[in-house]
Amino acid sequence: MLIVMQSKATPEQVQSICERIESFGFRAHPIEGTQHFAVAVTGDLRGIETCGLEEMPGVQEIVRISKPYKLAGRESKPENTVVRFANSDVTIGGDEFAIIAGPCSVESREQTLHIAEKVAASGARFFRGGAYKPRTSPYAFQGMGVEGLKILAEARERTGMLIVTEAVDIEALEAIEDYADMIQIGARNMQNFSLLKRAGRSPLPVLLKRGLSATLEELLMSAEYIMSEGNRNVVLCERGIRTFADHSRNTLDLSVIPAVHKLSHLPILSDPSHGTGKRDRVTPLALASAAVGADGLIVEVHHDPERALSDGPQSMFPEQFANMVSQLRGILPVVKRTLSTEPLKPRPAATQAACK
Amino acid sequence: MLIVMQSKATPEQVQSICERIESFGFRAHPIEGTQHFAVAVTGDLRGIETCGLEEMPGVQEIVRISKPYKLAGRESKPENTVVRFANSDVTIGGDEFAIIAGPCSVESREQTLHIAEKVAASGARFFRGGAYKPRTSPYAFQGMGVEGLKILAEARERTGMLIVTEAVDIEALEAIEDYADMIQIGARNMQNFSLLKRAGRSPLPVLLKRGLSATLEELLMSAEYIMSEGNRNVVLCERGIRTFADHSRNTLDLSVIPAVHKLSHLPILSDPSHGTGKRDRVTPLALASAAVGADGLIVEVHHDPERALSDGPQSMFPEQFANMVSQLRGILPVVKRTLSTEPLKPRPAATQAACK
Amino acid sequence: MLIVMQSKATPEQVQSICERIESFGFRAHPIEGTQHFAVAVTGDLRGIETCGLEEMPGVQEIVRISKPYKLAGRESKPENTVVRFANSDVTIGGDEFAIIAGPCSVESREQTLHIAEKVAASGARFFRGGAYKPRTSPYAFQGMGVEGLKILAEARERTGMLIVTEAVDIEALEAIEDYADMIQIGARNMQNFSLLKRAGRSPLPVLLKRGLSATLEELLMSAEYIMSEGNRNVVLCERGIRTFADHSRNTLDLSVIPAVHKLSHLPILSDPSHGTGKRDRVTPLALASAAVGADGLIVEVHHDPERALSDGPQSMFPEQFANMVSQLRGILPVVKRTLSTEPLKPRPAATQAACK
Amino acid sequence: MLIVMQSKATPEQVQSICERIESFGFRAHPIEGTQHFAVAVTGDLRGIETCGLEEMPGVQEIVRISKPYKLAGRESKPENTVVRFANSDVTIGGDEFAIIAGPCSVESREQTLHIAEKVAASGARFFRGGAYKPRTSPYAFQGMGVEGLKILAEARERTGMLIVTEAVDIEALEAIEDYADMIQIGARNMQNFSLLKRAGRSPLPVLLKRGLSATLEELLMSAEYIMSEGNRNVVLCERGIRTFADHSRNTLDLSVIPAVHKLSHLPILSDPSHGTGKRDRVTPLALASAAVGADGLIVEVHHDPERALSDGPQSMFPEQFANMVSQLRGILPVVKRTLSTEPLKPRPAATQAACK
């Protein structure tokens, strides 16, 4: 931390800042400049506030240097986190590029199983589908709830894909733990700290989406909430930020992906479906996500988007998804990633509980 | 809703769009332009999706005209909502300008009661103070919980001010209902729809803060969530949005205040403390908020911000608060608002329960 | 400047950074922290780059502390700049609140003189009107050019108001010098450095509008371009920034006004017409601008906005302008500003040249 | 254009709107909805204003449908524009992926020729280097001017690469026409309409960079300014937009690339150097740019960035550039682009003039 004094600050004020700093157990290093005095502060400052120093007479500005996250930062764990799943050799964050695909919402057993067969055949290893939907309007479809979770579990049984689904609150999270393999925390809940803490006590890995206006530091601090409760299996996800640009539903911030890899050991996926909001933009942005170094993708696929109960305009057709995967196979070797072509095996129902 | 067809769309495609529209029970009005066909759709479209029309062949773009909110909109209720409180003649949204003041967090009984006496003496009618704190870092002070609520109730008893405090989750909300007079939903939870629905079943009025990247329509839709569950006593609050500007913690968007007044009957307050993040900016932005037509203010006040456990740099000193109120008295008559000078009376403990 | 070293940086790397710094004539102060080394740099660093230090082995991050502006900063000139005009006792930046009003464009002699009479009668001291218009579309009206300037000069002669008009390029600026009293540099040209330098060699004061995505530091650096060429009569202007918010044409950032007053001695006006883009928002935001401490306003007024060739929807009617001024008279005393009620006297043509 | 009437608008007001519309030579189509009347307007509305209709009694909102650009839009020219250069078979916008590389600034003959040899050897077909520099600070290096242009021309002569360099004003543009092959208009000048018009009368192709807060429509309208003066050889360039995200100098908006390809026939490049501001992010974002479908790249390369006079931190080393090109060769076939491996031939000086 660096405390910049006003140019008119007196030596007594500098002295008194130094004493306050030392009283907290840190070390103060006064520096005399041509215009200003400054005081550098050393010690383990992570996670602490500015201790009211900004309030002291003569202080102009406080510049924080230390990162406030501990567990999520690469300094505390230099090697990449590879998330593993019970009863499965599928991973996220390792050499294999992870593909999560499926409809926005679970709408019916028939629709869900139909899409699941399609995406599994094209190479998806994970199946997504919302049983609990956060919707801007209270009058819009809010999801099938536990019935939807049961349909997802059946999709796993038939196709062998692992199930990723969103928890909109603690009650939903607890139901999800009984049926799914990975809990998604959506962008709107990225700073729902009660939900993050509960996810931190879950045995399931967590897919944490970046909020629409979250900085990278805030995203890592939300991961820190989960990790500080004991769950270290956190996968981040870029899904578009809110900017002035109006040609796209959101602005997919692909430069955050190498930035996460530099600062953190956690994997990060890209969601080009929400990032663009338009079906015909999903493939180009998916290829770009692979090229920029993402650890995988999460995309929406629907065989009949005209009739989808949510997010129709951004859902790909199954054939588009298959083409996208085939183009990805051309790009992944350049960034040293693999994408298995081996077909999945159906998973007997008995493995559902074990996924915990 | 207006459906703009591609310039190369065929008459058959237009015909088929019209049939689909009529099949939903709406009316289709085809319009032939020089470059494009378009189809206007009439009927009660509020709250519905685009029904997959975007997916149909020949469609270029869909332009929504109807507002998706019903209860929050001024069309459904032209007169202003005036929020009233049990056992009190204080209001929000009427002629009287509402001032909510107090510390960011309840830190101790002594600190809380001290600040409460100060702000009540200067003209605050509502007292704020967080017992449950949403903090970016899991390592920062998270609030005193129920102990804090008891201290707030004591502050009401002594000063007569009504209590406003934040619910970070459903559990906190239920505790708050036993002690406070108004439930605050913070910016990070503006789209925590489970929490909004629960607030919609509360007997207490709700102060709903705008999210950092929420559009006006999203803010009104979140109010709609609360109102659609039965609670019509919603007060909105502008507290700064996230932009590229770095001279201020957030960008206080004062132009949203007349925009809310035009589209909605709900009152809206301004929070210049979070909006600016800097103590010396609070008074100028508070005066501007009154001048622009806000229904009131919520500000942070602390007698010893150097030692505050949260938000020290943006908390005003009690004397600054008193000066701000005195300057407000000069501005409010210009915008036809009043600010009572009558002292509050202490409220006997028996009225606490009745506030519900 | 503070150079933060990587946690794995070696003592030799720190040493070599220090030597490089000293080789530039600055002083290096190494500081040993618990996680990192850092090196503070002192000396007159204003206006210099980071000298390639970011490139040196072991460096993690460089934090700049010094402000890069010299002439525009309050440290170099603590007292407020009051801009004065030849042959006139009107000022900007002193006690008197400055009001600049008039149409977006000079469209005809009749329209211009009609509006000029109206706004002069209501209290404007400055008249605005574009003779050269920066328009997003090449097919839109581009202004009357020199003919328009002559009409503006006639408006001055008749009403006594001083003339403010926009220079879109150097050629326009040179014509304006022959007719007007103040040169406006528009938001789109805030970083047109060739134009800024030429304005810096003009005898006329300059009204410099903030760009749609300019930080406060960039605005002050553009003022610095003008001032470094010799012209110290610069007035800044906030006119709305571009954000995600869609309820308003731009987001008027009123918190920049106290921020400018803290960092700089230059006056700053507010433009609620461009800031909101909607006529019915101009008065509330104008009152808010006065309350927040702006040194004045620039607003668009048109007696027949339906037929205006540009910016019709944001132009006030003359009666709205008169009402706004009358409400301002209620607010200004609270912020210690005056607004003269004395009528202006017509200015004989001979004073036009002298305005230079 | 669709005019939405207020719910309380009278039939007479609708009638009077229709008459006004017809008086302009357009056709009015009144539509009766359940809540509102609306009036659709047809005719060739491109490039016109709203004609004051927003001002008429009873009007609530005007929704524009037609695009305001003509020449830049794909509707007017469905096939892609391929920009060709005199005395050269290099193109931009065709099958070949275009790579422009070189230092931020021309600093000396030695530095420039050294970098030119390096990037030509690795596969660049175009050489960049600023002889006129737009700098935020008036105290920073402003470029070598005509001396710099002569050095660039020598680099072309030796390596055979075509020269791209920025015009900061009309004077610079005219000098550039004597030496270079392509004129760059920088982001800060994207709406310097006088400069755009002059570029529209140049025989050289123009590289037009997107402004930091420009919408896609504004970018295309700036291209329209150039094209409407006769020059149809315009190449667009995404170079990052300004958002709240602080992990990167700007936010490179790669989703604009497929959006441009949909709406316009003009080619678009990506500038990952300015887009990220950090050397180690340039390669990942360059690969992503190719994968998303960009027509080429412009990147900064410097052999000694520690000593560069501008933009050191974002300049790649020549070896990094060579590696990036080699990775690009892996990705381009997936998006059906080629990248020649044939060495360039030196260009005799006589061809310099002919490039016009």
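Letters are used for the chains, namely A, B, C and D, taken in the order the chains are written, and counting of residues starts over at 1 for each.
FYI, a contact is a pair of C-beta atoms (placed from the backbone, for glycine too) under 8 Å apart; a residue touches a chain by one contact, two chains touch by 3 or more.
Fair warning: this is a prediction, and the values are worked out from it, not measured in the lab.
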Reference chain D; chain at largest CA-centroid distance: B
B-C against A-C, pair bridged by the larger set of C-beta contacts: B-C
Interchain centroid distance [CA atoms averaged], chain C/chain D, Å: 28
For chain B paired with chain C, centre-to-centre distance based on mean C-alpha positions, whole Å: 32
Chain centre separation in whole Å, for chain C relative to chain A (CA means): 41
Multi-partner residues of chain C (at least 2 other chains): 213, 242-244
List of chain A residues in touch with chain C within their complex: 2, 4, 7, 29, 31-36, 38, 40, 42-44, 61, 63, 65-66, 75, 242-244
Interface residues, chain B side, partner chain C - complex: 213, 215-216, 241, 243-248, 251-259, 262, 275-276, 280-281, 284-285, 287-293, 327, 330-331, 333-335
Interface residues, chain D side, partner chain C - complex: 46-50, 52-56, 68, 134-140, 168-171, 188-189, 191-195, 197, 211-213, 218, 221, 224-225, 228-229, 242, 305-310, 312-313
